[in-house]
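Heads up, the next two complexes both have chain A, just with different partners, chain B and then chain C.
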Partner chain A sequence: MDNRDNIFSFEIDAVQGFFVPDEAVLYDLVIAGWGPAAVSAAIYAARKGLNTAIVTKFKGGQINDTPVVENYPGFKSIGGKELTLEFNVHARQYGLPLLTGEAVTKIEKNNDIFYTSTENQRILKSRTVIYATGKRNRRLNVPGEEKFIGKGVVFCAICDAPLYKDKKVIIAGGNNSAFTVATDLVKIAKNIVIINIVRGWTADSYLQNSLKKYNNVEMLDYHRIESITGNNDFKGIKVRNLETSGLYDIDADGLFVEIGLIPNSDAVAGLVALNDNKEIITDRDCETSLPGLFAAGDVTDVTYKQVVIAAGEGAKAALSADNYLKFISNKGE
Partner chain B sequence: MDNRDNIFSFEIDAVQGFFVPDEAVLYDLVIAGWGPAAVSAAIYAARKGLNTAIVTKFKGGQINDTPVVENYPGFKSIGGKELTLEFNVHARQYGLPLLTGEAVTKIEKNNDIFYTSTENQRILKSRTVIYATGKRNRRLNVPGEEKFIGKGVVFCAICDAPLYKDKKVIIAGGNNSAFTVATDLVKIAKNIVIINIVRGWTADSYLQNSLKKYNNVEMLDYHRIESITGNNDFKGIKVRNLETSGLYDIDADGLFVEIGLIPNSDAVAGLVALNDNKEIITDRDCETSLPGLFAAGDVTDVTYKQVVIAAGEGAKAALSADNYLKFISNKGE
Partner chain C sequence: MAVFNEQQKKEIAESLAVVKKTVKITCVTRGTDCRYCSLTKEMLSELAVLSPNVDINFYDLVEDQERIKDLKIDKVPAVILHRGNNSNIRFFGVPAGYEFQTLLEDIIILGNNNSPLSLETILEINKIRTPLHIEVIASPDCPYCPAVVGAVHKFAMANVNITSDMIEISEFPDVGKKYEVKGFPHTVINGNHSVTGMLPELELAKKINGFVL
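Let's turn to the complex of A and B:
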């Protein structure tokens, strides 16, 4: 009944023309993103009867790359992909038009109408927008990084860790994410090197302690990765000891980059107020500095970034958008 | 594995002495309530390693009396009792001590320690409190109401509606709740009378319209219920037409009271700031006016009252409590 096999077949929807947003329509609401905040917003918007279209680059949020979620109330333990599936089963029953594979590149507002532009030059029109595009991995921004992504440089640890059984791997980062990856890799890789650009490590002490029983771990703080080495194949890194300024090579089979996340707020950077971390500033009802544009989840300055919190904020954003639409429609009468 | 049959056997736990909070212990956290906000807070607190105890009058929140929940993301459609069960299965795995059947009567703070008193004169000690006791039904506060609760005066429409098949029922209220109950009862009762104390009706127009096709509905706005009639058995109501001041009797088999909800904030009324609706004033991180006391869900001034929003706020409250505990422990070093 759920048709779960096809729930991710957005391409099939697109070929059939059924679920593709219509550029000629003035929607009540356009939702950008498709993580927990966006999905929750879509459910609430659909149930409020808002004519809603969704645009997303990816078919799920960060949880799609999370092996197990154990803190979303109601699901004791569920895979990230499985929870994404449940969210999709829930939200897609409403048949909202959904465009996937295209990031939102720009949002503009003119005469109370929002124009949401996508990578492929589509422009969707709406009276309100919910921006819930989440965060992406921060990159090292060093020579060779781009070239070797997926060929030695790894951003999705969960996806690729199994490929590094009995290999030597480098982990860039000193936070909880880096040490979580390290505690997984230390058991399967031959040896691991953890490198942090600042002095010391910010990971929780129990994570740091859990590595101490292993003798295949090397830890280098106050070291900066300068470049990725290798011609056709990934070879390793050039790293500088910031204490001595000495530059040397570390050969390895892979580099896992875990140096934090950055919000996907570029498309609205000139439109709404951002904080110093480039997160969208929101109030408790998910209003931004621009009336009619709401934001929810990890792309915002909400203090805690969690699945259930993002889902709650998505619901708030949709209810606020509904209130706003009632307000402007009363104003026009 | 879940032991679902026993998940609500709090009494059994209590007899075994296993899950009962210990009055001699200084807990990191006491959670008051056991609806979605409290359950979510408990999950997050347990996973943060906080030594946590829970006190609750009821074995679930308002959703326990809700027939179907279709807007908690991840569950397309689930009974309120079933969702409460899933929340319990999730939260109770952590084995937190939980005291049920006793409302919190008072919370005090002395020398950075919170003292949470219960109906049965227990006192729990903790460094932080999360207050998430939700809302309860507003009463008419007229003579006879108390006496006939459960014997003609109904506050849980979902529980009791089936008992009024082919009977005459009165519904007090003019909001969405009242009309939702009316749309259910109109199909099974012989006839229904809807009474509202103010002029007109605040229910959404589609709810009002859905009653129009029935000819067994009488609607009396600007009427005030003055008392419940009947000696040993419920007989009906005395009602005053506020236009004419005329007082008359309406005989019926039952009275469904749907005149809104009031926050269960009495136990902290002198301790933290409340708004005019007696909701606890919170900031976006669920902090109240009193450091160390956090609040979440429908008992607070959060704008929208929804299951997923309460669950998100509960998670925030637990993470804020954890941060506060780290802060005071660093301060003391």
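Let's turn to the complex of A and C:
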């Protein structure tokens, strides 16, 4: 538990967190989110002189949960947390008002004004919006999951892994995220069971190979978790072997869920067109089906969900928002 | 060796330049048997130099026990931010990493006497009329923890009946065992109700009121 290697990393962006957006102001642009797409959009918007406010559940997006990023130009290898800090430091110099700790719950457009509502019942007004809220962890949606979230069912491995030292843990998922969590946990946990619902592991081969040297890892391919067991305390799972249809119990101390992501598009569902995966459909300029509302990053249908692509899309969305504002401004003259 | 490098000092000074009123901070440490007490002292000493409006007093838990008895400190290092005569905004464990942001934010809010809580949250939190103790058990690597620590510290700034603590689990593992912590942030209300995970401030305020009102 004694992980103090990062003790000297000090996140110094309190000023940005303090100057909350003013609900009385009509902003040029409100940005929802604070991952790579949103940060990049904010930098470009600030440099274009747009009066911009930002609202986000938390700073960093999915890269906060990523141990290492090795494909972002300028950084051969950098922790997700450290890259977030670099983003924050870069964006902070523009002094944009930023509301943290509350997600956008609804966006409406009336008479060319966007009204962005938040979880704390604030409403921000703007002439354009960039929606860059990323994705969140997909849940298993099995009995017992909700009851044991934070009490044995884990969605933030980087937060909670130290609590499972010398314990038996189950990891749900067969993808890169699941194996990245496994490679971290295998060093501290007593035993690991990795469960994959589809036939065949999808994680990169180098990640799969990295686990082969450990003898405390069990891999169950083509198995489905049917429920979480336990009355008051987490006990384990019921799992079905999809090959044989056999159902059996696995007792453990925790379950790490890494079965993919779903887009945070709820606040704009019904307002803009979504695809079947509930991703926001955008064109090459990051425009959505609603004029003035732009979207960028993993919440959209852009192909290849990567940090560098999200950052590029965010920049593009800000430039498109700037063009849109010039267009409606000229139209009014 | 300095805790902050020159770039960090510059950024901290810029951040604290907006502090208009003096913010009083008490730091309680112990000479022995405290791994991070000296680091906490050094960090706060360097911080105090970076703003004329940050006033930090240092005490030893043992040697100064009579002078600090009203603070009722049971763990060190402890960092207490004061609002007038109130001492209800507290960090137990060195406020570094993600929690350093919360410390700076607390100083800036107190130094401007202007709560960033939404009106609805302030109305909710002011329903509390009796003493309430909120403890947020945080992990050094948890990016969601500062939002909750910051929220409950703002609750304490808005309502003197509330005492809000950040407790850093790696320095106080017994607290984690006591409350059977299985996820972060883990928020404990009056020692017997708990919420795991990050909630928006208004929802958290309503949840707390649901437990105690």
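List of remarks:
One rule holds in what follows: the second predicted complex is superposed on the first by the 313 of 333 C-alpha atoms of A that agree within 3 Å, B and C clash if a C-alpha of one lies under 4 Å from a C-alpha of the other, contacts with A are read in each partner's own complex, and residues count from 1 in each chain.
As a convention for this text, a contact is a pair of C-beta atoms (placed from the backbone, for glycine too) under 8 Å apart; a residue touches a chain by one contact, two chains touch by 3 or more.
Everything quoted here is computed from the prediction, not taken from an experiment.
Of the two partner chains placed around the shared chain by superposition, chain C is the only one that A:162 touches, whereas chain B remains out of contact. With both structures placed on the common chain, the touch criterion links A:150 to chain C but leaves chain B unconnected. Of the two partner chains placed by superposition, only chain C is touched by A:120; chain B is not. Touch criterion met: A:100 reaches chain C, while chain B stays clear of it. Once chain A of one complex is fitted onto chain A of the other, the partner contacts of A:171 are absent, as it touches neither chain B nor chain C. In the superposition on chain A, A:308 contacts chain B only, with no contact to chain C.
Of the two partner chains, chain C is the only one that A:81 touches; chain B does not reach it.
In the superposed model, A:89 makes contact with both chain B and chain C.
Judged by the touch definition given at the top, the superposed model places A:38 against neither chain B nor chain C. Residues common to the contacts of chain A with chain B and with chain C across the two structures: 2, 89. If you check the complex, the residues on chain A that touch chain C are 1-4, 6-15, 17-18, 20, 57-60, 64-65, 81, 84, 89, 100-103, 118-122, 149-152, 154, 156, 158-160, 162-163, 234, 254.
Within the complex formed with chain A, the residues of chain B that make contact are 2, 36, 39-40, 43-44, 47, 70-76, 83, 86-87, 89-91, 93, 283-285, 302-304, 306, 308-316, 319-320.
By the touch criterion given at the top, residues 3-4, 8, 11-12, 14-15, 18, 36, 39, 94, 96-98, 100-101, 104-105, 107-109, 112, 116-118, 120-121, 139-147, 150-151, 169-170, 173, 176, 181-184, 186, 196-198, 200-203 of chain C touch chain A in their complex.
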